[in-house]
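Next up: the structures, one after another.
Here come two complexes built around subunit A, the first alongside subunit B, the second alongside subunit C.
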Partner chain A sequence: MTVAQDPAMKRPKRGSWRYWFAAQRGVLVAVAIFAVMFAVYGAAQPIGMSADVVNTAVNKGALLALVAMAQTLPVLTGGLDLSVGMTFMLANCLASAVVSGSPGMTALGIVIVLVAGLLCGLVNGLIVVYGRLQPLIATLATSAIYFGIALAVRPTPGGDINGAFADWMTRSTYAVPSSAVLLLAAVVLVWLPYRNSVLGRSIYAVGSSPQAAYASGVNIARAKLSAYTLAGLFAALGGLLLTCITYSGEARAALGNDYTLNSIAAVVIGGTSLFGGFGSAIGSIFGAFVMRTVGDLLIVFNINPVLQPLFVGVVLLFAVSLGSLRLLRIRNKLDLYR
Partner chain B sequence: MMTSKTLAKIDPAVLIAFGCIVLLLGIGSIAKPGFLSAAYLVQQLQTASFLGIIASGVMLVMLMGQIDLSIPWVIAMGGMMATGAEGILGHTLGQPLAIPFGICCGLLAGLVNGVGVAYLRAPSMIFTLGMNAVAQGLMVWHTGGFAPQDAATPLMVALASGHLIPDVPNPLLIWIVLGGVIVWMLTRSRLGRQIYAIGNKERAVFLSGVDSRKVTVLVFAISGACAAAGGVLLSGWASRSYQAMGDPYLLPTIAAIVLGGTNVLGGRGSYLGTIAGVILITLLQSILSVLQPQDYFAQLGVKLPDDVFRQVVFGLVIIVMMMLYGRERVIR
Partner chain C sequence: MSERAPGPLLRVEGVSKHYGGVRALEDVQFACRAGSIHALLGENGAGKSTFIKILSGVVQPDTGKIELGGRPMAFATPGEASAAGVSCIFQELSLLPDLSVADNICITAPPRRFGLIDKAGQRRLASEMLARIGGEDIHPDAPVGELPLSRQQMVEIAKALARNPKVLILDEATSALTAGDVAKVFALLKRLREEGMAIIYISHRMNEIAELADDCTVFRNGRYIETFRAGTKTDNEIVEMMIGREYSSAFPPLGDTMRAGSPALSVKNLSWAGELKDITLSVSPGEVVGLGGLDGQGQRQFLLALFGALIGVGGEIEIAGKPVKIGSPKQAKSPELGLALIPEDRKNEGLMLPMTVRENLSFAALDTVSRFGRVDRAKENELIDEIVRRLAIKADGVDGPVAALSGGNQQKVVIGKWLMTRPRIVLLNDPTRGIDVGTKQEIYQLLRQLAAEGTAILFYSTDYDELIGCCDRVAVFYDGTITRMLQGAELTEHNLVGAALNIGTPATEQKEAAL
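Showing the complex of A and B:
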């Protein structure tokens, strides 16, 4: 319903640059904000924009970016996944237990972690689609379960990971951080093919209007199932990367919740509508980097560390309030209400 | 529209929730002999009343089809501002005004939430999330700038753990009074009807000549005040306030409200259901700590932290119960 009112959807002729610009507006705004913030960060950095600085920033940002990509898919269907943070943490705990030993064992461990992520997502999808529970409730409940399992896998922080694999994942080759390559691979190998497939397009249809999608013969169950399952995969990729960075696993409720909440913020900053049907995972990646750069900027400008959480909160509220500029364009007061 | 007649008919969700409470009491009495004693049950009700007071405000928000995710840090804000009032307002004002000051801070946070949701038309999920971060930031700043006063005043301790009426703990008394006011408000007052109506179709409410935005702001303010009041009581109960004191309350609050049959999309739900949900959640947590399932596993040679069972059972109970009565309609 909101999508119909969104001025971005007043379509000019297809194929013109205005059409592309209107469709990508949210992503472009996120990219612009990120570019400005990162340029300021690089300029203010005392040691300048060295490869190390970029590598550290990308590693940190990629974690949230993967979780935000995961969050994007259910949000596009008009749902929500409150368990992405816990899936991410479960993958982290699992990876700290199984991704070690010989190259063969390590590869098997990686597969196990990713399959576990897919399973978590599939369970969410099954409950939402066939259990017909509200996504909010269903994923709130599964987040508790996944946290419990993560705690069972790793009662106390610790564990280990194959050092060579972890080093390779977190370093830069020719000034290109491996985590950036991982993100690129997630976009090029998973997101873009999915987005351009019938299945991927159908999640946009379901998100815009489930009734219209049903009437047009879209397989709603399959669309939603695929969205939640892929979300699990992205979250598990993030958990794997976290293990490579920290060399250990930790089951801490605050960590998972923090990632879940920040992922929603990143999705919104990346221009995806929380009502579903409009947006993209690429925007969420930049949204995630914006969220992380805010924290880095505060460190560079030497702002009192106790003020940092406040700044992050204010930036988030400000970003959300920016969205209400659209209210100025509404002519009929009735359109304010749903 | 909900009329008092339809409210009088009890929702199946509420019946199932109360049925589960009886079932849990049965399991508890088998597992532990003293479980059904009056003293133990009153103690459970006292624990439940903190959750109940917090859930009261959030339930009103959910009846409008919105959600308030800012409660964890608004709870902490209520507690920390009440205990820190002496340092902020000075000794003469701070001592007597500690509790109102704490609740007012929560009210203010709720007010900002309401303005964001009603006037800026921001999705409540993300706006209240931002408010949660802001409240957290303010509290971290408050404790980081100087050493704050974190001891609860004698009045707060008395409110949280004293007995005004013999054998009835004060928090329970407060919950009963607050619950009574809310039941009256929801079933008998214009505001109550407007809340249900907004949850059903805000556009229709606007066309009926009601300024739904004012109602939304008011309800979010009530939610903030309830959460802060819960925080004040919790810090009285623990004799001090601390950061992240509200974190364990977000999931149980939402779970209690939806298990009580309130529709997340708004417009449907009764306060009786929320009471049932709150008691159900409290009993469930209590039984898991009585049964000690980790001991059975320890005998099998698998050592697991007790939180594993609490979390997994918690999640499973929510899913199973919502399957019984919280399913959405099939799209056609």
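Showing the complex of A and C:
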């Protein structure tokens, strides 16, 4: 069929800032909350905003940021991944065993850790897509399995990591923390290309309306598989960074579960819809930093750290209620329950 | 560019499709030529929707073959159908609400640079497509979910065209469009026909079909009836063909003539959110008033509005002569108002499937069998026994899960649940959809019994036989309002279909001429 050129056709429109802002509003809100909190933190900090202070803050935040990036992908498809924390921990234990020795061996070890993460994610994806299990229960089960493997790899805390590599990953160069560079690399080299590929866009399609996506000819199985698999990769990157910070591996159930739950909170603060279809891994990074900065703020203001969960909860509620304002527009009460 | 094959471009033979025991399509044939517009006609449930779902790969036929350009085709997914050149504009839009207009239009095959989506190229392509169909006002970056329905429909059309189809299917694609848009889309369809596209056009608007179609095919009850050149049959002949002459079910005799006295329910100028417009209707005690018309003309919303499920309903509602405001289903079912709504979607809105028959039956009436928040089991059992007997619910005891019952018995539980509240006004939303003939008969009997006891009944059904057989009067809905009230001798299938399509029938034309 030839495309008949309509003489009255207007010139193609340029992109519009209005729509760009609307699409990024979740991210922008998270960035704004973080900027305010971090500014207050820096000002209140007795030693000021030195490179060391920033480096420590970014290192801590980057761990949750990577796990939150992992969580974002399944959430965008309308699912959830309760195993990201355990994948993170499995990667930590594995890294404490294999990322050492000569530069060549270290590099091989890094590859092993990342591939293990990809495999964990792929298994989740296969179960969700072909086993047709609900993501919640499927990943709850695999999270126990991954924790079991982590325990087998590292029954007691310990292990080691290539010191030069760990040092290089956790220091600052010209006041730029390496962990920030790692995050930037994850965004620029993995997230953005994925988000702008047909595959990446199909996860938004699936999360937005699975029926419409299917009727439009979107490959739903491939979309979900890619989302869960990539989640495994991001979680493993986080585990690798954790090993660089602690120089050891440890399989502790409470830690993994903590990261899983905090990752969901970070995703929500970052403006991603838990119903799927809307949001961004970049928002989740800032969501994670907001979560971490709450703790730091409590310390500089000499508030009992025991209260940290309470304040995190308040911040979370505040961020979530911004998202439910749309319910005020509903006119058919049955729609509230759909 | 599509080559003009000597035979039909698309040929379908012997296609059947069953859903469980329900026949949706039986041995259907169809053929359409390149460079023509082919109208597909039939009333609700004739199988049109199933047919185009098969053509577009959304569902797979049980038997039969499809040929495109002489080659046999089997579409396992919509993606395969669209790759082979069959694009469909669905009645329920297949748009992704969170994605932008451009993303939607180029969803499966966007322009790419270095393997990534070329945003600028995609925006350009989307603008071109929108301009072609006359939707220049739509910004390609706007999220589709925020557009009004008429603009969404234009995006849906642009999306189908962006795939360069050989066969384009439009399923009620103009139902939400403004008159100006319709004219633009029609001009485009005619141009596409010149370019050699085969277009299958489904619409309930006879004037559109008269303007566009080259050929027409009629389906009825899941069967192929006839194909003919457009213009060789009158509207009346087409309507006859759509309804056929077969009556499948018998109905109990209607009650005596309407009772005098104040109406049980009276509605004046009811409207809601642009979907219901100025509805005025009253129902007397002991009267069964049907809601007719094509599916989706506001009948469901009307019942929901009466039952307090919609927010922002305008107009006046009176019950037994007293003006009332119905704010919630809880208020609607209270003894003061005495309303009951038997929902259409029994699995989601009617029943708690894993719970027992007993629990389901007494849910709506818990207030009447409990004191100080404690359920009086003896009283509850008494009521339940009565209802189970009255409706002849076949269940092995009332303590098994309702999910284990057959569809017909489940529907009886839904009805029984609401009868337990002893309602004075019963609203039924297509209660016989997908249940067996035997249970249907029992439901008809029950309706007449309730009416004889003085209950006022509003009965929405997509089955015209049912409306004629069960109702004293039928209010025909079109575009969110009541366009005709049929009763007595006027209440024929012919008039119902004519009114549903909003075309004048000879009877009214004569009457108007006589006035």
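Keep this in mind: the second predicted complex is superposed on the first by the 308 of 338 C-alpha atoms of A that agree within 3 Å, B and C clash if a C-alpha of one lies under 4 Å from a C-alpha of the other, contacts with A are read in each partner's own complex, and residues count from 1 in each chain.
In the analysis below, a residue touches a chain if its C-beta (ideal position, glycine included) is under 8 Å from a C-beta of that chain, and two chains touch if they have at least 3 such contacts.
Fair warning: this is a prediction, and the values are worked out from it, not measured in the lab.
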Comparison of subunit B and subunit C by subunit A residues contacted: B
Contacts of A:Pro193 with subunit B and subunit C, given as first, second, both or neither: second
Touching partner for A:Ser208 - first (subunit B), second (subunit C), both, neither: second
First, second, both or neither for A:Pro46, with subunit B first and subunit C second: neither
Which superposed partner A:Leu334 touches (first subunit B, second subunit C, both, neither): both
Which superposed partner A:Gln134 touches (first subunit B, second subunit C, both, neither): first
Partner chain(s) touched by A:Gly104 [first = subunit B, second = subunit C, both, neither]: neither
Partner chain in contact with A:Ser321 - subunit B first, subunit C second, else both or neither: first
Subunit B and subunit C footprints on subunit A, overlapping residues: 211, 214, 333-334
In the complex, subunit B residues that touch subunit A: 67, 69, 116, 120-123, 125-127, 129-138, 140-141, 143-145, 201-203, 205-207, 212, 244, 247, 251, 254-255, 258, 264-265, 303-305, 307-312, 314-316, 318-319, 322-323, 326-332
Residue ranges of subunit A touching subunit B (in the complex, touch as defined): 80, 127, 131-134, 136-138, 140-145, 147-149, 151-152, 155, 210-211, 214, 220, 253-254, 257, 261, 264-265, 268, 274-275, 304-314, 316-317, 320-321, 323-324, 327, 333-334, 336-338
Footprint of subunit C on subunit A - complex, ascending: 1-4, 6, 8-10, 12-16, 19-20, 22-23, 193, 196-198, 201, 204-205, 207-209, 211-219, 273, 277-278, 330-334
Contact set on subunit C toward subunit A in their complex: 1-2, 56, 58, 77-83, 88, 90, 93-100, 103-104, 107-110, 112, 115-117, 119-120, 123-124, 127-128, 131-132, 136, 139-143, 159, 164-166, 191-192, 195-197, 272-273, 301, 304, 309-312, 328, 349
